[in-house]
Structures are given as structure tokens and as C-alpha cells.
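For clarity, chains are labelled A, B and C in written order, and residue numbers in each chain start from 1.
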Amino acid sequence: MNETTPAPTVPAPVSTRAPGKTAPPRPAADAGQTGRRRAAELLQRQGVLAVLLTVVIAASFIYPTFASLDNARGVTIQASFLAVVALGMTMVIITGGIDLSVGSVFALGGVLAAWASQYGFLAALLVPLTVCGAIGLLNGFLIARGNMAPFIVTLATLLGARGLLLTLTDEGATTHLVPKDSAFGELGQGSVWGFGYPILIALVLFGAGGIVLQRTSFGQTLFAVGGSSDAATLMGLPVVRTKILVYTLSGLLAGLAGALNAARLSSGVTIVGVGMELDAISAVVIGGTLLIGGAGSISGTLWGVLLLAVIQNLINQIGSLNSSYQSVVSGGFLIVVVVAQRYLARSRRTT
Amino acid sequence: MSKRFSGVVALDDVSFSLRAGETHALVGENGAGKSTLIKVLTGVYRPDAGELRLADEPVRFSRPSEAQQAGISTIYQEVNLVPLMSVARNIFLGREPRNRLGLIDFSRMHRETAALLGGFGVRADPRRPLHTLGIGTQQMVALARAVSVNAQVVIMDEPTSSLEPREVETLFRVIGDLRGRGIAVLYVSHRMDELYRICDRVTVLRDGRHIHTGDLAGLDRMQLVSMMLGRDLAEVRRAGVTNFAAEGHEAARTPVLTATGLTSRLQLHDISLSLYAGEVLGLGGLLGSGRSETAKALSGALPLDSGELTVDGTELKRLTPAAAIRAGISLLPEDRKAEGIVPGLSVRENIVLAALPRLSRGGVVSRARQDRIVEIFMKRLRIKASSPEQKVGELSGGNQQKVLLARWLCLEPKVLLLDEPTRGIDVGAKAEVQSLIDDLAREGLAVLLISSDIEELIEGADRIVVLRGGAVAGELAGDEVAEDRLLEVLADHAPAPEDNATAAQEDPR
Amino acid sequence: MTTTTVSPPTGPAKRGAPASPLARLRDPAWYQEYGVYVAVAVVLLFNALFTDHFMTADNFRTQLVQVAPIVIVALGMALVIGTEGVDLSVGSTMALAAAFLPLYLGYGLVPALVVSLLAGAVVGAVNGTLVSLIGLQPIVATLALFVGGRGLALVMADGQLKQIVNPDLLSLGTGSFLGIPLVVLIAAVLAVAVAFLVQRTTFGRQIVAVGGNRSAAALAGLPVRRVLIGVYVLCGVLAALAGVLATARLTASDPSSLGTLMELSAITAVVVGGTPLNGGSVRVLGTVAGALLMQLLRATLVKHDLPDSTAQIAQAAIIIAAVYVARERRSR
């Protein structure tokens, strides 16, 4: 799982599914077993991508409107905000933690950005990033230094961040607007070949995230902390610092996603982000990242996010189905994926 | 190179020095302070007093990374690596080679890993996740990591406990290499054969105290074992005897429990024993000989690859803890805290935990019946608690142990397996537990007693089965149940199968 | 070797005799034990002194009616948390129960009620199976039904709000007995029942033992898997019942919004009530008090024209404080 090359920064062509690695030398005796393990590994790593591609290809044949460029633009822009949030979540989950506060932080980031956009482009980005980063830092500090359970700490900051948001908006009565034709508004609404800037930003962030995760010591430490916190400590890795940093990062990314969303909507909508943390977790888990930590990939999360978005889009395409089928299907996927993961992990572990 | 410290609670004024290029054995029974010493050396704990000198420079480690930077690396008994990460990543974690862009250079990492492992005669793909390798290979990876950080000192805590004989040979060859490179190795093990094969000097710890340091070559095995077990000093220290009655017990003719061919991969090899009602059967052996595993297997808590268990003539088909308990087998586990007590529950509840279904009607627990049982056992075992409602976590170790004994006794078992029943409890409670064991056997219970305390074993048991390397090494009965005989069997190096045959060929020492 | 530790920074051994009241106030364990009751008392006292029309029967009735569903769900949650688990799916279970109600009300109240509760039991059984047999972490296992459960409810209800006209069901929501609303009575009876279950039954004690030390429980021959499944089923049934009652009070089945964020409220009540998240203890009365505290706090702030935002921030602070106190407790 950790052996993938850095996550591709663009939705990869089918050929990347076959890793071009030479088979390593190993005793012939356990070749059969190894083959099965390899298959399990491949399935765990690329299974979501395979499902995503299958769904996309099938849908393109059945619903001609699905395959249109316009629809692709719509799906990806919808997915881009969740993707940025899920990126931070992936890193947190790889360390064996969880961040429930991202939904609230996402909404808070949007409101702050919209409010600060009257002071210019930089303010509109820096204000939400600072505040949301601080919330993440608080999470990390309480979890790593205070030794408190991530679940409950981030649950509290979920409430706290939403409270802060309501304070800023006169209990949700005021909606701050992004000035028309501002540079900040352009960030959310502008596009290249019809693909909005948020999509590009998300892709760049995923590329950077993949490099950080796979090619830096920080990334390796994330895996080590999640894989075995005790071993990481005994190996002399900076466990506490890494944990604080990863929650800060998650806060920053959620805040950024919120700001981008506000730029796109031209206003700081207060009711967004409710339940987003669970969508993000679902996407991460569907993407093959283990919730117990220690294994996962950025690319998997990207496929997971896209899969959720495609499912939603398809259910909209099928006019006769109401949108609630989306969560039924997502929930079903989640069960199948986690149970499959469990068995794959078991079959890989037995030697 | 010398290291000194004193005054640590679990480690009382221990001093010893480690010379460059030597392999130094560190031995001692449970609770002797070896782990603590290692943790101080590696920066996990800080000593309360005393100093640590590395190459004549006083050093102070406040965290493991500092010790590693200073050149002390450690491989632990349980592989302390990250199972899901690849071999190469584990070896280079925290000090990955970078390329010009500041990113991790994987091709170099994989190359160096292959070279490093190749040097140990290990052929493993550096890209494979660690957990897909055998335990022995994992241990080699840990060793590779330890050596590759430019270590001056390598500490090995029971490195061979999970290795196959072939892997042990590889390990010894690597240790030989290290010696040649002037690296000091601190080698912790209970396997006498290994110590004598590869170690130059030995340090013995007991009860957190430094007992002996000296050349291993001139030291007789019997002497070493007796120093570890503290028999020489026993009279002085404990002023005499345990609380066991002098005479033995009248054992029944037919065994109440018969185990045949218990086997569990890497842990137990074909262990057979019988237990008679009314006797105390001692299970002897040094640490890691498979004593606890045998007890666990008998109580259904250790999955077996093969073997049969018969209680009162009926074979137990599906061996689970619940089934064993129904059949009348109760195990007092070795690790009181992790596997015994439920710390947040009261004394009363801990006592009746296993008996709950028998004490309730229609799923509703009868408080009166509980209280009656609890009262009987608190009185009989003299459990000191402010009330039956006090939380078990607040009691002393001795009283916790008595609570656990009560838990099993109130089930009226036929067979009682006691794994280190007196470890870590105070002298008074120890005496009480010992005389209780005596009484129970007299009342017709079959008792299996595991103890690292050799005196307790000799005086408590009517018969002793000695284990070595997860197999039965001998049995002492009647007059043979004596200290010198036991020490002989414990220290015996009469060739255990193949293990030593290969050893003799390759290393005549 | 496991028996040695080098002087960790823990305090001296547990004090034997009860210390003076002042010393007690410095003991975090005391706060975990009684803090929630003190807080409830303080809030009540504050309101008696500074809030008009707070200490009235009418106001109390309103507050209690509002808190009742939360209490019922929190009771189940407390059991689950007692086994070192968590159940995120309770809100969706409420919605699912609400969606089933109108479909079967035609056959009368009892069949509809049975079907709704059965739905809760099935959700619980799925959760429990995923946790105990498959060995999934409780968060993931219950996340799936959190996501899917509400969707299923919406699909069944066709995404629509359905008015409830069945008088029997409506009277369940609005009726009262001796001046006490039925909903409140049911919650109170359930609280007593769950307290009895935890304290006096084999099953209840096994829950606590499994949560307190799973390997010890297994070695003592306890049916660990069965206990875990049972706990999740119970939690599901309680959540379904809360869904039915909330529906009755709303006079409409509204699967799209019923029970949203309920999992958070329930977890908060349990944690604030002093039940440790790492299992091994279930504090039923504390859980009820925890739910009450959160309700009263919100009501107090509202009555003083303090906005909802302040209430949420206050809630966050109280959760952190409760967990912090529990953490202190654990390390000794």
C-alpha cells in the first residue's frame, strides 16, 4: 500500500493500474501465496479506481448526458471542495486519528473568507486560514499533548467552530457577500477550459499531498505513527509534533475549501458543511485508507471522492430516483469496502 | 565505555560497563530490572540518579531519538517496527536519503536496503510490507535498522525468542560481524546455550540489584542459574522457608486432566502431561520456556495446532475459555492487570464475574447470593478491602491476586492453573497464597503451579514437569523434587534437537 | 519484567480515608463522579435567582419534553460506550423508525410500533455483527448505517413529510398522566430499567466487564460477542423508540430532519455524565443528568437572550472539560 509512486495529479489513464515493477526475487515455494497476496494488495489499492471507471464507462453508455463535458465539469467542481477536506482527513486518518470538526471549520472558513473579502484578496485567504489553522492546532494540541481521544476533542471543536460561525453572522441572520468582480470571487468562479479554478487547486493540492505523504520524512512519519505509535516513539520519531501538525493541516485545508466554496457561491453561506466530516471520512475509507491508521493513499481518496460525486450525479440523471438513494448507495459501498478491507487485510497478514 | 546509575525504583544502584567490541550478556529473571535498564539506556526512561558515560563522555538522553543519535540502538523482543510499511521504509524511517529536490530517494533507499540485508544473508524485497515477512526476517530487518545507524552499542532484548534455528545462526553471524567492527553488543537472553556461545562477559541482575559481572567462560552454568534465581542469598534474604507444609499430598490414582501432544507453532511442541486430583504439579522452566503458554493452552486461551485435552475422561472438543471453565478448568493468568482484574469494578463484582450466570435467576443477579459468596471468600482468603464495594484497581497486588483466586474458587473448579500466583505481591500475602494452595490440594483440587521462584516451586509442588524451549525437558517426582536436581535440569544443555547439532558444527566454542 | 516501572509521575497511592471537603474539590475523580450533578444544581440555582419564569412547572414540562428523546437515545449510547464502542447511527435509526411508522399505522398502533422498533433492532444487529464478528472499529461500522440509514428512510418515505393522524400515536406524543407528559414518563421508566439492567442483571454486568477489560472477560469465559451484539441491538431499539416518540410529538413523520446530530447530543450527554469513553463503566443517572445539563444550559442562555452560538461554544467547553477530568482519572 505504501509502495505506490506518488499519487498522480490528474485522473490517471487506465494503464497506471498495472504497476510497472519487476517482480522481486523470492523463493518459489510461496509463489502461489504471494500471488494471492499481490492480488489482494492490488485490489485494496486500486479497487476503487476500477469501480469508478466501471461506473463511469457504464454510465456513459446508458446516459448520453452523463458523458458530456459539461456534466464532467459539474461533477468535478462539486467534488473539489469535499476533495480538499478529504485530503486533510486522509492524513489525519493515516495517523490513526479522526477529525470530526472539518464540516464546521469548512463553513467557518467560508464565512470568514466572505467577510474578509471586502479587505482584499489576501485577507480573504489569510483570515480563514489563520483561524481554521488555529482550530486545527488546538485539536492537535489537545490530542497529542493532552492525550485526549481525537473523536471527542474534534467533536467539541465541531460545536465550538459552529458557535463561532453563528457569532460572526448574528446567529446566521447575516450572510456576508463577496464583492462582485473581486479577485477573490474570480478564484471560485473563474475557469480554464471550463474547469473551475477550485478543481485545479484541488488537483495541485492532491499532487503536493501525494508528494508529502510518499516522498518526505513527514509523510513517512505519518504512516509510522498510525501503524504503530509505540514503535514510532522507540525509533525516535517526533510523534507529538507530527500529530499536532497533521491536525493543523486538516484545519487549514478545511478552511481553504470553505473559502473556495464561498468564492464560488459569492457569499459565506452558513448552513453548508453539516455532516461533511462524515462524507469526507466515507470517501477516505472507500478510497482504501484504513481507519485504524498506518495505511492509505491520497490517490485512493481522490477516487473515493469522485465515486461519491458520480453516484450523486447518476442518481440525479436517473430522474425517477430521488436523491436519497445516493446515501443508501454510499452507505452500502462503505459497508462493502470496509468489510472487504478487513478480509483483504486478514488474507495479507496470514503467512 | 561505562554506564552507571542508582536509585531508580525498579533498579537499585546498578553499575556496569560495556567494552567496545564485546558481546555482553545481561541476565535475570522476571522483575530483575533488565527491561528498565534497557529503557534507561535507550532514553525511554530517565534515571533518578546516576550517570551514563558513552566513550568517557557523560551523556543524558531525554528521548529515544537522542540515544539513537548518540549511537545506541536497540532491537526489542517484540519486533518494534511498523508492520504495514515496507522493509526499506522501516529501515530508513526518520533518516531517509534525499535526492536533489529534497525528496526521498527511493531507488537509493531500496539499493542500500538490499545491500544491507544481503550482508546478513537475508534475501527480502525491500519493497515488501514488513508484515508479509516471517517473524525471523522481521527481526533481521530490525537488526539491520539498528546496525545501519552507525551504532556503537547495539542492545538486543531476547532477539531469538521468535526465531527458527536457521535464523538464530544468521543472527549469531551478524553479532560476530559487529564484534569485528568494534561494536559493543548487550545481549539479553534466557537461553543458556546462546549465552555461552556468543557472549564474552555476563552481568546478572536480580530484584533490580546488580549481582555479578564477570567473564562468562570461567562461570559454571549451575552457578549462573543459581545467581539468577538467587538461591545463594535466599537464606539471608528471606530467612528460611515458604509457607508450604513440609509433607506432600495424597494424589488420586487416575488423572483428572490429561493433555497429549499440545502443539502450537513456535510456542509449544508436543507437550503431554497429566494432573491428578489432590496434587500440586509444578511447571518449571526458565522464562520463555513455554510455561505460561502451556497453562493458556490448557485453559482454551491459546489456539492449538494439534493436541488433545481430556478432563475426567471426557475429551474437550472445542477448546475455548468458556468450554474449559464449564469442564472445571480455571486459569489464574500471569498478567494480573491485563488479563485478570477489571479495575473499574468492585471487589464483589470481580469475584463473581465468571460465576454470574450461576448466581442469577432469569438473568437477574441475586445480590443476596453474591454477598454470601463474596463474604465467604473475602473471609477465607483474608482479602483486605475497605468493603466489598471498593474498586479492585485500588487494592494492593496481593489482594488483587486473592480476588482473582476467589473468582476461580467460587466456580468450584476441578483443576486450578496458577501462573505465577505470588509474583509482585508482598511477603505476607505471598505466604497466605502459598498455604492456600496447600489447602486446596489437600481438599482434592488438582493444582498446576508455575513459578519463577524456585523455592516456591520445590516446596509447593509434589511433582515438577520441566519445560525447555516449549517442550518437556524432564519430570521430577518424589525425592527428585529438590533444588539441585531442578537446577540441573534447568541448566542442562544436553542437546536439544537439531538446534545444537548445527551449532556444534559451525561454532566449536 | 512487566511488573517494574520507573517512578512514573503518578501521585502517591490512593488516599485511604476520605479527605476533607476542600481537598476533595481538588480531586478530578470527584468531579467526574459528581461534577455533572453539581453543574445541574448550579444552573438551577442561577435560574432561580436571576431568570424570571424559569422555575415554573410549565417551563420544566417543556424542558423535560424536549430532553426526553435525547435521554432515551443517550441511554443506549451509554451502554455502547460502556463496551468501549460508539454508535454514530442513532440519528439515522430514529429517522428509519419514523419512516416505518406511517406505512404500518393502518394496521393499528401496536403493529406499527413493533415494526419500527424491529427496524431499530435490525440496524443494531448489523452494527453489532460488524463490530463483534467482523471486528471493525465501532466508528466505521456505525458510520455506514449513519450514511445509509437516513437514505433508506427517505427512500421509504419517498422523501416526504407525512402527517400523522392516528389518534393513539398522537396521544403518545402529547398526552400526559398525572400531569406528567407521557414522553417524560417513558424516558424516566426506561432510565430506571436501564439502570436496573446495568446494575442487577448478568447481561449488564457483562457489558461493563467486557468494556473494562476485554481479554480478562474472555478468559473468564464471558460470551463477549453475544454481549456486544446485544448492546448494539439495545441501542438501536432505544433510538427507534426515541424516533417514534419524537414523531408523535411532531405530529408528522419527517425522516429528512428527525434525529439529525442526535449522535452528537447523545455522546455529549454520556461523556458529560461522567461515563469514560474507554469503557468499563456505565453511569445511567449521570447520563440523564448530562442530557439535562445540556438542555438547561441552552434554555438558560436562550432566556437571557444569549444566542445559540454561545450555547454551542459553552457546550464545546463543557465537553472538553468533562473529557479532561476523565483523562486525569485514567492516568492514576
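We take it that a residue touches a chain if its C-beta (ideal position, glycine included) is under 8 Å from a C-beta of that chain, and two chains touch if they have at least 3 such contacts.
Keep in mind the model is a prediction, meaning the values are calculated, not measured.
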item: Pair of chains whose C-beta contact count is the highest in the structure; value: A-C
item: Chain at maximum distance from subunit A, centres defined as averaged CA atoms; value: B
item: Interchain centroid distance [CA atoms averaged], subunit B/subunit C, Å; value: 43
item: Where subunit A and subunit C are represented by their mean Cα positions, the distance between them in whole Å; value: 30
item: Contact footprint of subunit C on subunit B as seen in their complex; value: 8-11, 30-36, 39-40, 45, 48, 208, 299, 301, 320-322, 324-326, 331, 333, 335, 338-345, 349, 353-354, 356-357, 360, 363-365, 367, 386, 394, 407, 423-424
item: For the subunit A and subunit B complex, residues of the former touching the latter; value: 1-3, 21, 24-26, 37, 211, 214-217, 220-221, 223-224, 227-228, 230-238, 290, 294-295, 348-349, 351
item: Subunit C residues touching subunit B - in the complex, by the definition given at the top; value: 1-7, 14, 16, 200-203, 205-206, 208-209, 212-213, 215-223, 280-281
item: Subunit C - residues contacting subunit A, complex; value: 86, 88, 130, 134-137, 139-141, 143-155, 158-159, 260-261, 264, 267-268, 271, 277-278, 307-317, 319-320, 323-324, 327, 331
item: Partner subunit C, residues of subunit A touching it in the complex; value: 98, 142, 146-149, 151-153, 155-160, 162-167, 170-171, 274-275, 278-279, 281-282, 285, 291-292, 322-332, 334-335, 338-339, 342
